[in-house]
């Protein structure tokens, strides 16, 4: 043992006496940063079903169809790159700072224009 | 008296009878019969002398005279035989014949001295002797029975070794006879004769296979034991010619106390140290491991080497509270510490056993040097438990070697599954060697107590206790490691099928039972074998008397532990828990259902776990060299100091 | 950066001698790799000395893909050569530590030799999605309330 | 019979956060031989260049590895820009440099934590990661991701960072720096840490050179080679020297990283001081990369080499990454010989192996 | 041997693990706080063990459960002896036997990690055994008995007389409690070269047995510490023992793990320098 | 009540992941998130684990490991797949050497999306897994009552 021991012991003792650095997550939630990429949020209102977002998506997480007026996203595929957000000319797609919650089954969230607003989610289990 | 002569005489005759057998069958039968008779006779003798004080036997002058002459002639004859064997020695060992001549010369000069001391009681029996008789008779007998089958297998394996089994058994029984002689003789000259006969037997049996190595090791054993012999002869010469004490009787010598008897006692102690392979002399016992295993079991662990410590314990009252005694204890201590550590290095089962034997003898020597009742108590019980457990271990290793073809501890992996019976017996043997609640550990307990209450100089007992504490640690390490190997899951070999040969099984099972029973009944053993002896010495005023040392609740708890050790496997065997079996954790690379994994380069590899030998940490050669040096210095100081 | 460090063509028989020359020069082996072309493999190698790279390229035919090993010159080459062996199926005689094609273990053997191709698939028709569409199970799938 | 214990070390092993496998042969505890085998993280992402066009491919490049993710993205984008002959605006270049250094610090602190853990120094591990988390907060605030930054794109960066944030970054960097100093001194001086690392896994300068070691492994052996000296991004304008240690043992490599963290703090401050204003990206519409070239960058673990071959198509012809870990495998095998079992994780960690980089 | 001591001894069998579990819980909590973490609830060790009983038990060989029972049994015996006021040296021996059973259990499984772990455990036993034996010897010299009941009734100055022994004991306590820098054979937190060392191949109820035995061990070791101060009376001795016990947590959190050879050398050195020297000087102090 | 819920021990394996999710997982264990609050311990050993946390898109080599680790975990157990890779292969799903998704290899109970999955999501995922774990424990108890051993 040498004097160097006191450095770490002082750090450790100070930490023991101070408040822990822990964020008590599920009980206390912190405010997300504006830029945080949590999940892809879609508003169908202005969508023209041009499918640009679908082609630009590197993982094919988005499937859009003009004929059926549907737009679907598979959150299990999305890597939150944000390409769709920048490429959508209508501004239908936003990045929400909240992460998509864990799922019990992998599901595709499908939006269809006919249902109007607010769009009910339609699920297709894979 | 008759029982004594019967034991010595019958053993000798049995030797001749066995050697003269016309064929193998007859010989086996005769060995079995004689061994049983010897064992039975020793048990009977024990029963007759149960828990009694010492008895001394006088002989009529005529008989005494005849016997005296016979022993003299025998002594000379022995010297001639040894000189005859010496024709095969190499130049470096020129000192052996010199030693033979020297000791015979000393002997004869004593014998033909002008005034020789009267010997009133040439033989005696006391409870310690009874214990030794039981060890020699029962354990020795069982080893002889074990040897029957073992030697057949041995010759079947070792084609090049000339088959001299007739002579082999003769030597074994001759050895038993002389062991009985040693434990019963009160006449120092006779004792010395028997002593030398055991040396001869040991030499011959070590060299049995006739290979260069065996012969070389045989001569090493002979040479080192002869140094002890010369020292013994010198003691006798001192007792004959020297000033002061003038006696040829062991009990007189002991009774004379340290003031009078220290010089001859120290000289005899050197002989005892050589015989029980204490440190500067240890190398012979390691070399002796080339002998067939029953020989190792009989001579080099349970009986002959015990003769050395037997004598030391006998002389122990002389050493009580003397510097010589302290030095003796230290020699034992150094031996204990060094050999325990070195044993960690070994993977050859017989070498482990050899080192541990030396270590345990060292422990006994430590106790002998202290010389209090407690120490003697510990020493005597150590002799008992060690003899039984070690014989069991040696025989088990021998049998296992024939069953699995190796005496390497690593090859005994998974013996519990491959050879459950063998493994169980070995486990009992190992447990007996070092674990609570078995006897060895008990004796250690008492040794601690004895050491702490000794009082030669400041810190002496503490020194010994510390040595004991440090020396026990490696013992624990290598024995547990061995047990670990036995219980490990076998990775390759399937269970063996061929049964354990009957003779070997008899010996092994009996020894296992004896080990267990000896532990269970140890309070009895202590009452029967030790207390009468120490009480007698106390009554003579040679040592301080103390009350029995182990309190009852300790005994109760130890019985509880022993019962636990017995009942738990039983309960487990009756109602085994049913759990799903999977293969071990191999970092997720398992090949399913086996002990192999997908390794680098696309090969499938079997995992292996070898024991730790600490070979980079404990260096056998260096440790032994320093140990020898240290113990050598201690011996020189002891002898020199006393002589001055 | 390194547009000014072009790849020099090197005949196969100078492969080892060039390495030896660079080694004597005190250069360091930076990397080795390959590319599968029509009927041959290109093997590229780079040596570095004082932050300057010397790059070489050699060609070995597909029907006899054999490259002399440099692991005798630069021991570091053995990882690259094993990789070439595993990914391109090039045999490298004289390899110091030869994994025998088990260094970088892949599902398809020698995937970089041009047999494995990964093309963009056609996006699925969402009509397929509609067929099996069913109403949402609100508790599981509703996104976070933002 | 031999006295070797054979142990499969990995692929799943708590000391290794990532799957790598070593066949260990031990005598008592001394390593007689250690043979690595890899392939647990091989995805074959170089071939994904056939699947994704060169713009999308930046996303793949970033996901070569989650630790050195940003510099992969940066290297990829820089290289494509050069092959296309466009130049990213200076603000983008400076921000890239800042992020690159932040990424280096977080990688080094992460490594310091893991190596403390391998030494059995749990509290030091926890405290290192506590400090790393402060850094991750900066990353999240400026980029929106915690480990995958996702800010680089061919032609510049995606999102600007406003000056107010930059000022707060500057302040926070100072705080982190003083928190880190405390930890750094423990790594530098603690007796048990030294006991476990000094003289362990020694790699001489000659061996390091011959075995092709890179990064802190090479610099820990006394050879000053740092690819940032090539002057890519803003490094040409900044004022710094490569960090070198002479001993070549685990301790030296550890100290190199500790000192590099300090150096990176400096570099970040320098960049923030000189941060140019202006555009953050240029349009690359209609341009395609052509030609072939090799590019080198300094990752936290050392020199990374990219090889590109493009022929004016949307998809690259060949994309190849030689990562620093790959170059450090040979030195690792060399160092492992003759060490002790307890040293294995320490030595393995001091090359800071990144298996997903290594196998791509 | 009167009624209260019997009560104490049987009380140990029943409540010993509970005390040990709380010690373990406190230990974990304190460790967490030292690492700036919130840490688990105090009863976490108990939850863990109860959970383990709910899990399946996978074994490599059925025999391993037997050895683990041996481990637990001898551990209980060892503590029983102490709380009965019995023989301390015998208690050490029982503790050793129990340790060996744990090693046997680990040896009997197939994973090289547990095998190396038990080899290391044996090495550690070899390292701490001499010191552990010196403690009763020291008590014997001051209290003239190995018996706990006599030691408790000894002189209040004994802790000063045995200060070297106490230091040595604290040193090996670090090994016994499996704390860094000597956490070689199994590990608190899974990040070491031996995975979980000795316990690698135990699961479900088998692992629970190990945990319970460790709880007993905690209590026993606390009792050992208590013995040093026992003559000072419960009110002084117990807090002191607690403080020293938790000083080990600080040690745990301020050291990197050492290697086995350093451990062996260090502990033997400490044993000699503090333990043996203390014993040798003892006659001068009395 | 089942104590499984109070003391979930986790095993983490990076099956062909890019490290991103693994770091986030490790971050959960460190002071800022400290999942030991819930009794969660990273055991590093399948035989002690209740929850299997897998990241990455699984290739041939890691498939064998994942299967083996899963088999070596004693029941009841749950599997949590973390990150886009583990859910579906993410960006690598077209690469030639990956299977894409842990559920192609072993049954997955909870899917935690994200690239990389954030520590908060991972904690949520584990909490979800706890309910399933408890459900399984209850189920087993019921079965045990029906069929006495």
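Order as written gives the chain letters A, B, C, D, E and F; numbering starts at 1 within each chain.
Following the convention adopted for this analysis, a residue touches a chain if its C-beta (ideal position, glycine included) is under 8 Å from a C-beta of that chain, and two chains touch if they have at least 3 such contacts.
Note that the structure is a prediction, hence the values are computed from the model and not measured.
Visitor: Touching chain B and chain D alike: which chains?
Guide: C, E, F
Visitor: Ranked by contacting C-beta pairs, which pair of chains comes out on top?
Guide: Maximum number of inter-chain contact pairs occurs for B-E.
Visitor: Just curious, how far off is chain D from chain A if you go by their C-alpha centres, in Å?
Guide: 27
Visitor: Rounded to the nearest whole Å, what is the centre-to-centre distance of chain D and chain E, using the mean of the C-alpha atoms as each centre?
Guide: Between these chains, centre-to-centre, one finds 43 Å.
Visitor: Taking each chain's centre as the mean of its CA atoms, how far is chain C from chain E in angstrom?
Guide: From the centre of chain C to the centre of chain E is 55 Å.
Visitor: Quick one: chain E and chain F, Cα centre-to-centre, how many Å?
Guide: 34
Visitor: In chain F, what residues contact two or more other chains?
Guide: Each of 13, 30-32, 34, 37, 42-47, 59, 61, 65, 69, 72, 90-91, 94-97, 115, 118-119 in chain F touches at least two other chains.
Visitor: Going by the contact rule already set, what residues in chain C reach two or more other chains?
Guide: If we look for residues of chain C contacting two or more partner chains, we find 99, 102, 105-106, 111, 116, 118, 120-121.
Visitor: Please list all residues of chain E that touch 2 or more other chains.
Guide: 32, 34-39, 56-58, 112-113, 115-116, 189-191, 195, 200-201, 204, 253-254
Visitor: Going by the contact rule set out above, which residues of chain D touch chain B in the complex?
Guide: 1-13, 21-23, 27-30, 35-37
Visitor: Which stretch or stretches of chain C touch chain B in the complex?
Guide: Per the touch definition, chain C meets chain B at residues 99-102, 105.
Visitor: If we count contacts the way the header does, which residues on chain B are in touch with chain C in the complex?
Guide: Where chain B meets chain C, its residues are 600-602.
Visitor: Quick one: in the complex, what on chain E touches chain F?
Guide: 28, 32, 35-41, 44, 47-48, 50-51, 54-58, 189-191, 195-196, 199-204, 207
Visitor: Which chain B residues qualify as touching chain F in the complex?
Guide: The touching residues are 578, 582, 585, 588-590, 592, 598.
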